[in-house]
């Protein structure tokens, strides 16, 4: 099983090389992989109809609860078969669709990688593995949509698709992690057994919203639908494979997969049904407004996805059954129609439906395939599309809000009929074309895909028994998590649903005949472009970028003092904040202990400090700084630290000398700042100083147990034979630290040296060649 | 006795931070030096002060007896003073180099960073 | 847990001693040998790093036996936690040296002290990871910082670099001061600077002194600055842009990890009793760090700057895991830091190769069409960027998953959500570079002035090692997870 999933990635790795060797037959060659996988998956059909679905586990990261687990139930199988079968046809098709394209090898590579990701997605049992493959489909679809990267439109569309579905992907991750934390396991098949645990959990609502968000973005539900029509920038085989048959159905797959766990609540069905129905109607309407064949198909796809979402929201056995049948029917006819549109585009270079006509003579096979698929999509008997629609009507009529939903469905059906005419009839059989180029007849590989898919739709429609037991029933059972008996039939007897179908057909024909007029009216009414979700997406991007710029300008002003001020203010907030909550023993009674000479010295040091701050001349500042330093040394001397006092004297003298030497070369102190700026800086500085004073007072007011000092007092002489404890600490007990200290000094020396060297060298160079 | 030093420390910190936020680099170095003094005094004071009892073992004794100044902060300060000197030597050179390259000691002139305006 | 106690155990600092010897050797070579040896400084330092690495991982058996070696009166601890961090540091250093060699040759800056300083900085980081003492920690930090100040300004007359080094130095020494104040306060309150003794004291007497909480706050400022957490992050972009590209790579990986190493040891081992006090603080910092880093990175056109801001955001993710603490939290910190070392240095290796003499070509527009002209560089760069963005199946994804599941498990769901939203934002800017490489035509200006990127063998090796790390951390995470879990146990 792992091999089946990974083989696509492996093939993707070598595809460009193989293609370079065999450019003419590579399409057929690569198609053998999905074809083989198809056969492999068919072999599962017998097993899953009878017993427990087979499960495959490969150890990966067990300690985090992630292993590579796959399982094949009816739902997975249905998707896997569609992915493999349509994959094979599409790859054959693109062999000649993109023949001679410089990057065809890379194209195959992306396609195969996408196929493998999609297979992994529908077969994964571990939630995180599912997520990984989900993201991989987004990523590979990004490259496929942007395949024609020389056009800005394609790049923009690819990025848009990636951002929208990527956003959904992270919602998915969040949702799955939350579900994992609720269930305590990441295996989806385990979740099924204890679905009730989550429906009453606090996290149920966020989980449903996150999962629905993921599914809605991937399956282009309102208000995230806008990326799908734009993704039609992709070559036709990509649109066929990703945007009708497989990837966009990943959202449907997710909803179906998690239906047993999350479904069956008012919340779930209200959310999913509403969004599904709204998407269905909107897509159906927008499909009639456009003239580009692929865009029309994209909007009907959105509509169909909405229908499936709606059915999953309803969630009754008959609705689930309708969803499965319709999904199959849609994959077959929409796949065929996209391939037909691609073939037309390939032959004539035109996709504008108003400029196409009378192509039957040039491409009879494609024309017939297109017509048959279109009839299936219109729901005309004896096609599978008809079987599916009948079931949908039946499912809706049992629903509480049947009037509204049936009305929506009727509108959608009308639109589908009209669109079927525009896409499947008009280009071939009606009017004259207005095409610059003389169309050339398509070859075998361009005809094979559409013909086979359309034929399958017809055959299964005539004899639905072919799929009902081994394909539809297990899939429906998996979604409902209970055995579902499936009886598919073309003819259900005379039922009022049939009247609806007939009405839809008649009205649809009428709309088709008045299509041009209808479009004109719609276009004049259409103001949605200026404030639709697509516009929202653009606005969001612009606003984010503007906000980012504003933040940058405020936070990264480049002013050093602003950076420092931030640190100081934060430190004040941190320290002051915790000071407020503490009991503060200031111990001011200790005033009495102050000796006069200490007090005088303190005043002297503080006065010198003020002088340093106020100094107008550099030399005054340096001298005052020296006074402060010597004052500090005196403090050390007063309070029993002779070593410190000596060091401080020495270092202070050295520092002053150094400062004088270098500062001599710098300009005099200048006053750059205004009074207001000085006040702004002085206030936090004084607060910080005050806080430090309070801190010292409180900390020293408390007694504490000395832990280190007694050890050194005890051991200095016996262990290290030294009388001066400070020295012993430095050179013996903490020799390591002293060693580090010396290293720091030497680094400072190296630093001084190399900075000067580099600088002088650079200066010489720039003077040498100005 | 800690009380006096507490105020000295506070004053040194206030002055040091104020100078660090000036636009002139020279003041900045001086501020850094003041902060160094403040830090040393802080460590010193917080380790508790003792008058006239340096941590030196008297002749003939094997260990410190009675009240004595805590040797640990003293050792730490010695380290800090030395490192502080290294750092300020480096600082002076760095600043001199910047001054030579940029040609000003006004820090506000030095912001060739995020420039959107 | 086996413990080896002794007053002085030199073998505990063999890796550090070796590195010191090699850096001195390089300095001596520079002083006493002819200039034609200058090409070998890099190799010599590389040998030093490998030798030190050999000593760090010398006894894999002691790793799983959880051997802990204390030395120098508890000032020095060698446990798995320290060993793992040393591994990260040495890895980062080794990769940096590989990237640097050709770069220095082209910039005519082949000086020994460059490598010596890198090694010294590494020693500083290793001291930070092994310090059982706050003062030792301070020294390690100073050692690392000072070396980095010099390296950050290691160019000739270049305005940005100069400025950046100056600001870095001033802010850096200001922030390091806070570490010293914090240590002083903790000593003032507990009478000790040994991390374990502090824990014992706090455990015995509780939070009787306000100085302890303040001291903690000061440590947060100091570590926050070194790890570039908001609001102490402002130096990062300037410095990352100004420093030579290999040094930027170096600074973004090792020193950050070192700051986290020390941060975690002090807070988890020394001040666990203060957890209530710092939880909310870290929560806010993590949220701000992730958000501000990513938001500002969105509008950067300079790739070095962009990666600088993104490195702020990555520190934010690590902080989330840090907050989650516990086995899952800390082990995910380690996992993420290792991954980050590979992916970020990898990305910088490519930047170094493409930047050209004097680094004029570091903008997104300079990457247009790279996918067609230099497929190898473009594929590698995409891999690193995908990993940084957290896209499966790379190590970056695994790391983020690890972190966020730790956060969810410990109940920080809000923070995990902020983190996930931030990851989305980050995808956008990382992707801009990929888009430029694969989907845009090289502009004619660039075509004219572009010199071929420089892929020296050393650089290619660095790229391969990084790519291998990123992929293996993403595809075969289980053995790495076992190692980081072992490393975490040392802190218990």
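Should a chain be cited, it is by its letter among A, B and C, assigned in written order, with residues numbered from 1 in that chain.
In this section, contacts are C-beta pairs under 8 Å (C-beta built on N, C-alpha and C of every residue); 3 or more make two chains touch, one makes a residue touch a chain.
Only a predicted model underlies this, so the values are computations on that prediction, with no experimental measurement involved.
**Q** Based on which chains touch which, is the overall arrangement a line, ring, star, complete graph, or other?
**A** complete
**Q** Between A-B and B-C, which chain pair is linked by the larger number of C-beta contacts?
**A** A-B
**Q** Per the centroid of Cα atoms for each chain, what is the distance between chain B and chain C, given in Å?
**A** Centres of chain B and chain C (C-alpha means) sit 28 Å apart.
**Q** Per the centroid of Cα atoms for each chain, what is the distance between chain A and chain B, given in Å?
**A** About 49 Å separates the centre of chain A from that of chain B.
**Q** Where in chain A do residues touch two or more other chains at once?
**A** Correct list: 549, 552, 556, 558, 560, 564, 699-700, 706, 708-709, 734, 737, 741, 744, 747-748, 751, 755, 759, 763.
**Q** Chain B: which residues touch two or more other chains?
**A** Residues 20, 25, 42, 46, 48, 72, 79, 83, 86-87, 90, 94-95, 97, 101, 110-114, 116 of chain B each touch two or more of the other chains.
**Q** By residue number and range, which residues of chain C touch two or more other chains?
**A** 135, 139, 142, 146, 149-150, 153, 157, 167, 170, 174, 185, 188, 193, 211, 237-238, 299
**Q** Tell me, which parts of chain A touch chain B in their complex?
**A** Chain A reaches chain B through residues 549, 552-553, 556-561, 564-565, 568, 587-588, 590-591, 593-595, 598-599, 602, 605-606, 609-610, 612-613, 618, 621-622, 625, 628-629, 632, 635-636, 638-644, 647-648, 651, 654-655, 658-659, 662-663, 665-667, 669-670, 672-673, 681-682, 684-686, 688-690, 692-693, 696-697, 699-700, 706, 708-709, 712-718, 723-726, 729-730, 734, 737-738, 741, 744-745, 747-749, 751-752, 755-756, 759, 763.
**Q** Mind pulling up the chain A residues that touch chain C in the complex?
**A** Of all residues in chain A, those touching chain C are 59-64, 128, 131-132, 135-136, 139, 143, 146, 149-150, 155, 158-159, 162-163, 166-167, 170, 173-174, 177-178, 180-181, 544-545, 547-549, 551-552, 555-556, 558, 560, 562-564, 566-567, 570-571, 574-575, 578-579, 582-584, 695, 698-700, 702, 704-709, 733-737, 740-741, 743-744, 747-748, 750-751, 753-755, 757-759, 761-763, 765-766.
**Q** Touching chain B in the complex: which residues of chain C?
**A** These residues of chain C touch chain B: 135, 139, 142, 146, 149-150, 153, 157, 159-160, 162-163, 165-167, 169-170, 173-174, 177, 180-181, 183-185, 187-188, 193, 211, 237-238, 241, 299, 305.
**Q** Going by the contact rule set out above, which residues of chain B touch chain A in the complex?
**A** My answer: residues 1-15, 17-27, 29-30, 33-34, 37-38, 40-42, 44-46, 48-59, 61-64, 68-72, 74-75, 77-79, 81-90, 92-97, 99-101, 105-108, 110-114, 116-117.
**Q** In the complex formed with chain C, which residues of chain B make contact?
**A** Of all residues in chain B, those touching chain C are 20, 25, 28, 32, 35-36, 39, 42-43, 46-48, 72-73, 76, 79-80, 83, 86-87, 90-91, 94-95, 97-98, 101-102, 110-114, 116.
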